[in-house]
Structure formats: C-alpha cells, structure tokens
Amino acid sequence: MGKKQLMKGNEAIAEAAVQAGCKTYFGYPITPASEVIEYLSWRLSEAGGEFVQAESEVAAINMVQGSAACGVRTMTGTSSPGMSLKQEGISYIAANELPCVLINVQRGGPGLGGLGPAQGDYFQAVKGGGHGDYRTIVLAPSTVQEAADLVMEAFDLADLYCNPVMVLTDGILGQMMEVVQFKSGTQRELPVKDWAVKGSAEHADGQRRIVTSYYLDSEKFEKFVKHLGEKYAQIQKAEQRWEEYLTDDAEYLIVGFGTCGRIAKSTVQMARKEGIKLGVIRPISLWPFPVEAFAKDVKGYLTVELSLGQMIEDVKLAVGDTTPVEFYGRQGGMVPTPEELLEQVKEKFDLK
Amino acid sequence: MAKIVVKREVCKGCRLCLDECPKKIIGIEENANSHGYYPAVLLDESKCLGCSMCALICPDVAIEVYK
Amino acid sequence: METRMLFAGFGGQGLLFMGKVLAYTGMLLDKQVSWIPSYGPEMRGGTANCSVVISDEEIASPIVNRPDILVAMNQPSLDKFGQAVRSDGVIIVNSSIVKDVPVFSQCKVLQVSANDLAHDLGSVKIANMVILGTLLKETDIVKIEDVHSALAEIIPAGRQQILEMNKKAIQTGFELSV
Amino acid sequence: MNKVFDKTKGLTDVKTHYCPGCTHGIIHRIIGEILEEKNLLGQTIGVTPVGCAGFAERYFNCDMVGAAHGRASAVATGVKRSLSDKVVFTYQGDGDLASIGTAEAIHSAARGELITVIFVNNAIYGMTGGQMAPTTLPEQKTSTSPHGRSIEKAGFPLDMPKILSQIEGAAYIASGSVDSPKSIIQAKKYIEKAFDTQLAGKGFSFVSLLSTCPTNWGLSPRDAINWLQENMIPYYTLGELKTWK
Amino acid sequence: MGKKQLMKGNEAIAEAAVQAGCKTYFGYPITPASEVIEYLSWRLSEAGGEFVQAESEVAAINMVQGSAACGVRTMTGTSSPGMSLKQEGISYIAANELPCVLINVQRGGPGLGGLGPAQGDYFQAVKGGGHGDYRTIVLAPSTVQEAADLVMEAFDLADLYCNPVMVLTDGILGQMMEVVQFKSGTQRELPVKDWAVKGSAEHADGQRRIVTSYYLDSEKFEKFVKHLGEKYAQIQKAEQRWEEYLTDDAEYLIVGFGTCGRIAKSTVQMARKEGIKLGVIRPISLWPFPVEAFAKDVKGYLTVELSLGQMIEDVKLAVGDTTPVEFYGRQGGMVPTPEELLEQVKEKFDLK
Amino acid sequence: MNKVFDKTKGLTDVKTHYCPGCTHGIIHRIIGEILEEKNLLGQTIGVTPVGCAGFAERYFNCDMVGAAHGRASAVATGVKRSLSDKVVFTYQGDGDLASIGTAEAIHSAARGELITVIFVNNAIYGMTGGQMAPTTLPEQKTSTSPHGRSIEKAGFPLDMPKILSQIEGAAYIASGSVDSPKSIIQAKKYIEKAFDTQLAGKGFSFVSLLSTCPTNWGLSPRDAINWLQENMIPYYTLGELKTWK
Amino acid sequence: METRMLFAGFGGQGLLFMGKVLAYTGMLLDKQVSWIPSYGPEMRGGTANCSVVISDEEIASPIVNRPDILVAMNQPSLDKFGQAVRSDGVIIVNSSIVKDVPVFSQCKVLQVSANDLAHDLGSVKIANMVILGTLLKETDIVKIEDVHSALAEIIPAGRQQILEMNKKAIQTGFELSV
Amino acid sequence: MAKIVVKREVCKGCRLCLDECPKKIIGIEENANSHGYYPAVLLDESKCLGCSMCALICPDVAIEVYK
C-alpha cells in the first residue's frame, strides 16, 4: 500500500490508472472531470505512457478503440455531455470486445445543464446509450479511496472480460479531496491478449490479427451476439458488488449509489438514534446490478437518486412487487441532506 | 471640454483604460464596488480629450464619454 | 469525534486553501478527512466555499449542511449559512469585511478583523490564516503544531518565506483574544 | 457636453460574468454596435457556443439560441434554413470552433451557408480552466500542457482563417485582433463586412479575432494584451484573407 | 385520405413528414434508412421546404435543434450507429423542450454490426441514450401504413409536448413496400409556438426569445428538471398506445413490437388452430410503455424481441412478478418464424 | 518466359467484393505492393473505414483494425501512440474522411500524427448507394442530388489535399489519380513517399486519389474513367502539395 | 386467400421488379400486399431476393419463410429455398441458368428456359417477365390483364416500347406449356 | 515473346484491360465464370508486348504477365 495522500477524486482516478498500468489516455476537457486529463497530461509521460488531448470526445473514444486494439491498457474520461458523444464508439468497442476504462464524472443534465453533481446518466451507463445489444460494466464509487480502487479493478475486469468498464462518479466525488492510498495491482490472472494487433511479425503464430465488428452474414452475426449474451450472463453472475450498512436487523432500507449511498449512512445513524431500524444497500456495480443484495425480508425500500428516478427500475426488478419500493430524488445539482432523507423514510413508510 | 463617466458598479477594475488613455488621467478608486472590484475613475477632467480610447478598450462598456 | 466545517466567502480569499490545510493536518494525524469545494463557472468572481469534515471514524456524508464551524469571509456567506450552524457551534467572521453581524442565538460568534491584521503582517492575502489561527484556538480539532507541520508539507520547499508568513498569521489569529 | 460614447443598444444591461480585462467583452460590444447601427437587432438570431461566451444569450440584445459545444455553426445552419430572411450569427471560442466543432465550421463554409461566424481565439480553453486549445502556441503552458505545448506530441496550432480561406463556399474571411483601439476599429470593420456578406447573399462569412484570457494565462489584463501582441500576432495570419467585392 | 400508393416504409415516412408540414430535414445517409433522405432530397424543396445533407449525424441533430428553435416542423432520420452519434443533441433538444421528429430504422448492432433488421436500440430509444433526465416519446409502427400515420402523429405529439418524438422502425419495415394512404393531418389543437426565435421584431410582445439549457443556479435547474418530470408523468398517463390481437379470451400472450408483433399474429393464427388460446399485445408507444395493457389475467407472457432482451424489463415492470414473463429473441438480423414462436410458446409454458 | 507481373503478397487471396471496374482495387494493389516492397507487411497496422473499403481488412495482408465511419484517423492515432515503432495507415473514402471524419483528419494532421492516410475520392458515397459526397462535383447527379448538386443549396466540393496542405503538422500531402497506368505509377510514388514520411518521423502524410464508382455513377468502368478524366481531374488540385525533402 | 411468394436469383435479374409488378397489381385489386427486398452490401453482385405476399385480409407476418410460390432464377436460390416451399406449392425455375433441378416431392416444379425465350424476344433482361407470365398462368393470384394495367402504371409514360416488350414477354410465359 | 494469363475466376469482366492494351489483343470470353462474370482473355499471344498496361489497370489483380 502506498503512502497516504490527500487527493481530489479526479486526481485519484488518474493516478490509479497510472498505477494500474494504463499506457494511453485520450480525452477532452470538461467540468467537472478536467482534473483527470490535466493530471494525466504530465503524469502519463512521466510514467512512460502517451497522452493525447483529442479534438473531441468522439475522436477520443475512437483513439481508445485503436489503442485497446493494440492490447494496451487505455482510458478516457469525461462528464455527461461528453459521454453522450462517445456512445457510438463505446458500442464499437463492446462489439470488438476490447478492454478499456471509461470515466464519467456526472454533472446535471439534460442538455448543457449545470455543473452540479448528478446521477442522471444511470440509464445511459447501465442500459447502454449506444446502439445494439451490448453491456458496459459500471462501477460506482462513493469515496476517493474507492474511486482509486475501482479504477484499478476496472482495468482488471476489462481485461478479464474483454469489455469496456465504466467508473461512474459525480462532480462532488470528482472535486472532493479525501485521503487515498494506492494498492498494488491485484494479482488476478488475466487472459493473454493474443488477439491484439501489433504487426503480424510480432505474433507467435505469424498470423495477422483483425479487429472489426462488421458482419455480412446474419447467421454468423447472430452467433456472435449470442456469444456476447453469454458473456454478459457470466458477468452478471460473477461480478455483482454492493455494500451493506446495518442491514442485518433493518426493517427499512435506503438504496443509493455513490454520493447518495454515503448520505444515506448518515441518515441511518440518525434514524437508529430514534429507534428506526434503517439500513443501506449501496450498489457498487450498477451493471451487473446487485440483485443478490435484495433477497431481504424488509418492510420497504427507499431508492434515493440524484435524478428523476432511474435505478429504481432495477431495484423494482430485483425486489419484485411484494415489498414496496419508494423513491426520493433531487435534481439539477441539488443534494439531499441526511435529515431530509430521514424525513422521507418516515413519510413514505408512515413512521411518524 | 470633455469627460468620461465610469459606471462604477459595472467596472471590474481591469486597468486597461488607464494605460490606453493618452493623457494618463484615469486612476483607480480606493473603495471597492459591491462586487468587490476597485473601479476606475477620471482623475483630471480638465485634461480629458474625449478621444474615447478608454471606452474603446473597456471590455465591460463601463465608460461613457462626453465632449 | 467528527467536526464539520464550512468556509465561505469571495473567490480569491483563500478559503479553499484554508480548508485544505485543515484537511491535510487531519490526514497527518491519521484521521478521516474530506474536503469539497464549490466549483464551476461561479468560481470566477462570485462566491466560493468549501466544506471540510475531520473525523475519527469513517465519514458517512461528506456534505456539510449543518456545520459545527462556519468561517464567513464576506457578508453574503454569513447571511446564507449563519442560521445553519449547529447549536453549540462556532461562527468566525472576518469583521474587516462583514459589517453587519446579526445575533445567532444558537451558537458562539467570533469576530476577527482578519484583513486588517493580515495587512499589518504584510499582506491581506493571509487573512485566511489569521482566521485559521483563531479557529484552532477556539476548537480542539487539531493542534496548532500539527497545522504547522502540515503547512510545511503543503508549501513547496524553497518557498520558506511564504511558509513563515503563514505561520505567523496563524499565530496572530491564535493569540487573539476575541 | 454631448455623450459621444455610450453603451450600444445591441447589448443588454446585464453585467457580464467575464473576468476583469477579458477582451470577450470588447468583441461583444463591437458586434452589438454593428447590429444596432445596421438596424438588425429585431431580425437577428445569434447562436452561442459552450465556452466562456456560453452565457452570451444574456448579453446580446436579440433572439438567441444556445448550441452544444462546437455545434454553433450547425445550429445556425438549422436556423438560417428555417428563417432565410433573417440574419444569423454565431459566436464561438477556439475550443468550440477549432477543436470539437471543426467539421461543422468547415462544412458550413463549404455549403456557403449564409451565416456569419465570429471566432474568438484566445489560445486556450477559458471556461473549463485553461486547458490547451488547438490554437495554443508552441511551448505555451496550459493546464494540459504544463511543461509547454510540445510540438512533437501535440502538434502545431491551427490557423482557422487560413484553412477556411481555401474553401470555395467561404465568401468573406478576415482575421483581426482586439488588443488596441486601432485593432478594435479594424475588427469592427471586418465584422461589418461579414454581416454585409450575409445580407448580400454572397456566402459564408467568418471573422477570427485574437483575444485575451488573463485568468488562464495567469497575467494581468495589460500583460495579457502585451503577450497577445508579442506572441499571437506574429504567429497567426491576419488581415482580410478572402473578400468578394 | 389520399390515393393508394405502393411505397417503401422509408419513403412513406418521408412523404408523411411532408404531408404533416415538415419544413426542414437534416440527415446523413446510412443503410437501411437512406431512402428517407433520398426521397426528401427532392420532395422537400418541391413542397417548399429545405433539405440539407449534413456532414455527419452530429451536425444533423444540431441543425434540427436550430430549426426546431425557430418553431418549424423538422425531422432527422438515421439508423443505429447514426442514432448513437445524435445522443448529445437529443439530450439538448429535450432540455430545450423543442419539438422534432427522429427516425431510427434500426439495423443490427453493436458496432458496425450488420444491416439486417434489429430491435437492439430499444434501451437507447426508450431509456434515453443521452445524458441526464429526459424522455423521448417513442412510437413503433409495424406496417408501412402505420409508419406513415405515426410520423404524422409524431409531429403532433412533438408540438403538443414540446419534446422530441422518435419513430422506431427496422430494416425490414424501412425497405418493405406496402400499400399506404396518407391521412389528412389531425385536427388536434396545438399550442402556439410563441417561444420560438424568429427575430425579436416578429414577436407580438416585442420581447426577445432565448432558447438555452444552461443553468448556473442549481435550485432553478432543479425546478426545471422537476417540471420535465411532471411533463413526462403527464405523457405517461395520456399517451400509452398498443394493439391487442385476440386477447379477450387469451391464456397466453406474446408481447412484441414492430415486426415481431406482426409475426406474432401469424403465430396466434396457427396456435388458435391447435386450440391454444394465444393473443398478442403489440406495444405501439414504447415510451410511454403501455403498462395499462398488462392488467390482464393470463397464465404467462412471452416477450419476443430482435435483441438479447430489452423491452422485457418494461414488460416485467408492468406485469409484476405474479405472472411468468418469458423471453425469446433472435439477433444479428435474424427474424423468427411464426412456427418458431409457436414452438417457444409451447415449450416455455409446457403446452406439449 | 518469366513472370514480370504478379499479384503482390501485400494483398490476400480473398476475392474483393468491389464492383467490376471499380478502381478501389487498383489503389489496394499499389498500397499492397509498397508494403511488400518496403518489407513492412509484418510491422504494419492498417485501419479500414466504413464505406466500400469497409471490408478491406480481408484484402490487405497485415494486421488490421476496423474504425467507425469517419474515425479511421482517430483510431490510427490510438494505434500509433500505442505502437510507435510500427507503421500505421488508414484507407478512407471521401464520405468517411471529408464529411463525417473532417475533424479527425484535420486534427491528425495538426498533431503531426505519424500515420499515413490514403484518401479515395470517388465523388460519391459508394457503399450506401450513391448519395452526394462533399466531393461531388457541381451539377453532378446523385441519389441525394437527383437534379444535380446545387451550388446554392449544397455548396462547393471540398478539396481536402488543398485544405490539409495549409496545416503545419502535415509533412507530406499529395493528390493523384488512378485512371491510367501512368497516373497509377505516379500514385504509387506518392504513396511510397507518404510511407517514407512516416518512417522518417517527419509528420502526417496524406495521399488523395481520384477513383471511380461505375455503379453509382451509372457508367461502364471505361466511361467512368473517362468521366473522371474529363470532370474530376480539371476540378481538383493535383500533384505534390507539400513535401519535406 | 393469401399467397406467399419468394423471388430469388442473382442481382440484376429483375427479381425485385417482378415482385413489385405483382404487388402493384394486388394493390390495384384492393388486396393487401407486401414486398420485401433483400438489401445491403450483398446487393452488389451476389444474390438478391424479394418476398411478396398478396392477401385478401390483413397480412400478419410479411416475411416469407415458407413460400407458396418460389421463383428460382439461379442455382443457389433453388438449392437454398427449394425445400422450404409448402406442399402443393409451385417452384418456377429459370432453366436457362439452373441446370441441376432436383426432385421436390412436396410440390410442382416448372422449368422455363426464360433467358432463351427472352433473348428471342429481343433482350435477356425480360427473362423475369417470361417467368412472371408462367407464374400467372399456373396460379390464380391475379389475372394477366390486371398485371398489364399495373405495368402500364409502373412504367413511365413515354416508355411505351419497354411496356410493350414486357407485356409480350409475359404473354410468352403465359402461353408456354410447361 | 510475352503473354498474359487472366485468372478467370478472379476477373470481373470490367473490360478496362481491353482498352488499355496498346495492341488491343484482349477480348472477353463467351462463358461466364462461376460468379456470373465474363472474363477477359488474351486473343493473340503473338502480339503481346508484355508491357503490363493491362495488369496495371486491372482493379482485381487478375492478370499475370510473362515475358
């Protein structure tokens, strides 16, 4: 474990990438994600990598595709509108089964919107904003330390499944400084990237490599899509992650990811003082959604999001319609207070 | 006979007009305006040419010129 | 123990730095810390603020809605956040700038003419450190020596003079009787 | 005494959010003056970029549409094709137009779109806190080129007016600056000709203006102007690069 | 009603737009949607409108924004990868509350994929592939006639709710010729577009108009997002559309939109001959999803999609977990046969 | 008798899907020959566009990556930055490079990216069935300009080599054709120099080649070549527009 | 009644047009019709086909997997789709091109040397119409006069000669005894 | 003494080589290849110069030249 550092979330993400062996970064500045690109603009070349400030997010994601096709660990980062522009590229990368890491430091949308923290890109990230049948693994940290850890993990998962992995944070987490210590990379065994292009003379088998996603033949294409489907099913089984906070005896649960999950913990502390048995489920992997976490015998769930309600669909799908699933959201860069959430718990579940 | 009037609440105290004035008769006020900026002020009306150099360079259109 | 602080004022008054010094000190003491700035286009001109939490345990919400300590470096900040301070909390006001200090029944209010004191020390830019000194004295979050150590790490070697000025300003604030 | 210089009706009374000494404000003023002088305010639609001028819809005293970052020329195309008898202009930064919006700018020119594009080149991304722009000079320090723009890694600045002047559909291309009353007066003439080009239905019109960003250059407003004069003016092609008269 | 014409789906869409008073079209060619742009390249100027072949899909959607801001009926069309590129623009249009019509003639994804028919863009269309909290009304025709009708309807809905409306078809429907008759526009009363820019001298009140989506103030922004939320709730209440086919006495229901819905009808005809009480729910509005259609007392649903399964989430959310919801999908441009679906019904519900 | 002309090892044995007489095939051949002659096949990564050449990964006998429509230069950038000791080229149509990929092409040039871009200008979107391209000539009929490209509405063709030659980071820009053995030999020299530029680390290299699309022009292969000679050659700037030697 | 047809062969053999003529005729007779081409890059060279359904009622699935009528203009098409033809269906083969016609026990197979016949009529391009003539005779989907009316509407006025040639080819196919 | 060999299964019968041949000694075969194309064929070997003009223009690299 490295030494303790006080770092912004964005910087920690950038440094974690370097420590995970990221060799190329392609990005375009945008508030509140710019520290990622700023940090890597000097740090990456220091670490022997290559940094390109692309002409646009569209160019950046396609550079990532090129770099990932070479079997190199590569990353791009942006905030909401920029992520919208990357959707075609992400779909291509998923279709080419290339590993890479994507950072979205969400801000308020739709449109130009505002720069405040938000979680309105949940659907885009989790259901897939690009065209066609593909999935992006999505990880949502709630502390700077976790952001760093999940970025390192993201590189591993990307390599493991040959799939893009997104780390989904928000403006608060991006701008916030907390103490972080970088772990040494996981010792997981990762598949050899012998599909990568690097000039056919470099391949042990002397065969040339082709990375494309074009199918002229529907039958072959269907086979490929079904292969993707199987891979996704496998990920859904193996990679659900979440944190539970005082759920053991809980009668009510707040469900919130990222910043909301943290605020909810404060709410729980307050609730417990009042004798309300409240707990928190904080989904960490948003896709695969941690359905396993919801095999609980409680009286009700309150889903809290910085949006009009998006994750709540997945909560409902996980919970079924036997237990009530309520919603409370703030939007536009506004963030609920712990008091506010407690108020909501009481109101929604008639605890007054 | 000429003069300038600086709209003190509009001025951001950037000092560009100070240098641009051929007569160097613009200064900075001692007190900040309500936005925390120290506005420009005409120091010596008698010397003003009404040449509008100051107004032309002012990024905040804070200067009116009279002649 | 957990202390939740809000530093608010105009951009350029060194609020973010003040918060950072405290957070850094907390880290050196192996405490949990968080520091959140306001950001965005408002950064240019307008108001700026930052929230700092220093805690012995894991920090649940890092967002400070109800501060234990509020530093108000200008009038709008005091007007906006004063009422939110917890009972038994402390408000430290830069009285060089904030002229209209209402009564806050729930908490203690300290007025420090930080700009004037800083001016006397050589630069209004260190008004923030004067306030920090007072804050350190009035609360027991961290010790003044720890802040000095933190400062020594934060301020790049070779900028000894700045370090010394900052320390002096902290000392001045610390020794004030308000 | 008569008022010989007053704020144009082409601008609203709203105080701008620009940093002290930022010459965006000067460019706003001369555009506003021309719209007023030519009596176009009631029939003009302006398109704002994303960038420091992203709030300019509050300042220009005419109908305004906000475009996504880089897409002002495309939005303006949509407007002009819908209201062909109206005057349409965009106001775009160098990140907006010369980076993410390169294709939109070039193709509006190629189509000979009857719009007027005002391009503000301050060699930096102002709004987002001072990152490198396509127009950042070699060795210039920015937050994404902290050791100075490396020609080897980041290449050379783009000279947009020079490029656009190669395009047949572009009828008027001029490149000026706003670093002194003299250049400001010149710049205003360029902008006037650009609007004339549109009014005469001659094709795409474009004015590039060198501008300062004291905040992100880390200079006082005056030093920023000096830096512009000493570094940007020698680098970029200036003057009228293409005219139709 | 106009005279009968034999037309491709894409051409019918284009002609319907003209008949609905569409004045501008901005597009970029792509198979299998190109007939839309080809048809309008001559037809629109004939009808007094303006046609621009944009340099890209990104440019096209932003031209649409400009045109819509002028209060003009406007449209763009594309196929899957092109729609991914439009996501930022769609989010802006939704945020600006501008009416416009979007056509997606889906092909197989992800990536470059194939040109066969597909429904893999359901999530993108329905959940929103762009950033932030917004919704696009999505209508899915299954015949050429319905495509024409829904395009006309789309323009009305767009104007009514000041919102983008997407007509989601696929390669088969786009390329297929059927008989179509154009209805005269609905006589619905539509709000006056007095928010449109047209030069302040043109406004009755002499006030200038501003169309933007930039919010500096989080509280104002939240208010706006909540307003959007209310609008969407209203649409969800008022605009659910679907077709039922032999559902009255049905014990099992196939749920499929577009082409799948049609194939399912053939399956029902076959099933009925065998005494199986099968029916079809064909969602027409995909957003708002026709939850009302699912208040049925049946033994099971089979959702059929040309994807790995996307709409099934909405079916499950509508049905709850009391009735089984099964899935059958084909991918990559493959299309199930009616026989195949009957087989699936029997298998999934143990009817052999 | 000796074999004096044989198929290059630079191409695979796969039969192309190009229409009879389409000169895409000629361009493939000369690229393949150069890669073979320079002994680069084992160390080259090619990037294909979306367009008729979208299947070219089957034909070039080296490692290949397929890019999204218009983004080949960006993908190539990603490849080159990851494998700086390898040779990287793109093969892009006029829709791909001069329309949707304009920004990527221009900025690869501006960055002086060490890649070689082969630009195939057939004045049309071949793959999608003959729509207008940015390079479609005035009055040329296409499926989206059925009455001929209107200068007034659709503007003027883009002359990409001319534009790119204005960019400092571009080290080698040439513009040729493949309408006759002579021009083919010339074209091959251009391509060779382009790869030499990359190998020498001089900057961005670019070769534009006029090519036919008999199918969508509605002409026989021979008539198509004649049309190219009579109409495209006079219109477009030809020759070496920028060299570094 | 509903008839489901598949027309398959090489690109350029006029398959899409053949299908369109039938569909158009259906429309003129106020029937429900659908016509689906194969599309995509395969269009250039390779195989092409189109499915046509003509029905008295609403057409549920327009996709023809099991045709009542198959027109096979080349060998691969016959090999690929022959088995899928419904029992009591009809396969019409262009025997000028398809040399190897296996036995299909489930349905009738008609062989028409359409290219040769068309060649004699003046152009191999109208081989498709010869086949269409045979199809019209062998089935009772629509009447030959109706097809003539449809052709007159589809073929632009002023191209009288082409119209006549097409009609003649249909007639030839119709009068064949196969 | 020279000749060309056309790979008849590769040739698409585009006829470009016919025109390009200075000796006009290339013709088209009567029978289609398996892809339905009518391939080019050398008509008069005795006149062939081995100049490769035909091969240079052939888009399908269907011609081998011997000399």
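Read from first to last, the chains carry the letters A, B, C, D, E, F, G and H; within each, the first residue is number 1.
Throughout what follows, a contact is a pair of C-beta atoms (placed from the backbone, for glycine too) under 8 Å apart; a residue touches a chain by one contact, two chains touch by 3 or more.
These figures come from a predicted structure and were not determined experimentally.
**Q** Give me the set of chains touching subunit C intersected with the set touching subunit H.
**A** Chains in contact with subunit C as well as subunit H: not a single one.
**Q** Measuring between mean CA coordinates, which chain is farthest from subunit F?
**A** Measuring from the centre of subunit F, the most distant chain centre belongs to C.
**Q** Roughly how far is subunit A from subunit H, going centre to centre by Cα mean, in whole Å?
**A** 59
**Q** Distance from the CA centroid of subunit G to that of subunit H, rounded to the nearest Å?
**A** Going by mean C-alpha positions, subunit G sits 36 Å from subunit H.
**Q** Quick one: subunit D and subunit E, Cα centre-to-centre, how many Å?
**A** That gives a centre separation of 39 Å.
**Q** Which subunit F residues reach two or more other chains?
**A** In subunit F, residues 19, 54-55, 66, 68, 99-100, 102-103, 106-107, 111, 127, 134, 153-154 touch at least two other chains, as defined above.
**Q** For subunit A, give me the residues that contact two or more of the other chains.
**A** Only 31, 50, 52, 55-56, 58, 81, 88, 92, 96, 111-112, 114, 116, 212-214, 216 qualify.
**Q** Among the residues of subunit G, which ones contact at least 2 other chains?
**A** In subunit G, the residues touching two or more other chains are 40-41, 45.
**Q** Tell me, which parts of subunit G touch subunit E in their complex?
**A** Interface residues on the subunit G side: 20, 23-24, 27, 32-37, 39-41, 59-63, 65-66.
**Q** Under the definition above, what is the set of subunit A residues touching subunit F in their complex?
**A** Residues of subunit A touching subunit F: 23-24, 26, 50, 52, 54-56, 58-60, 62-70, 72, 74, 88-89, 92, 96, 197-202, 208-214, 216.
**Q** Write out the stretch or stretches of subunit F touching subunit E in their complex.
**A** 50, 54, 66, 68-70, 95, 99-100, 102, 125, 127-129, 131-132, 134, 143-147, 153-154
**Q** Tell me, which parts of subunit D touch subunit F in their complex?
**A** Per the touch definition, subunit D meets subunit F at residues 99-103, 106-107, 110-113, 134, 151-159, 162-163, 166-169.
**Q** Touching subunit B in the complex: which residues of subunit D?
**A** Spelled out, the residues of subunit D in touch with subunit B are 1-8, 11, 15-16, 18-26, 29, 180-181, 184-185, 214, 220-222, 225.
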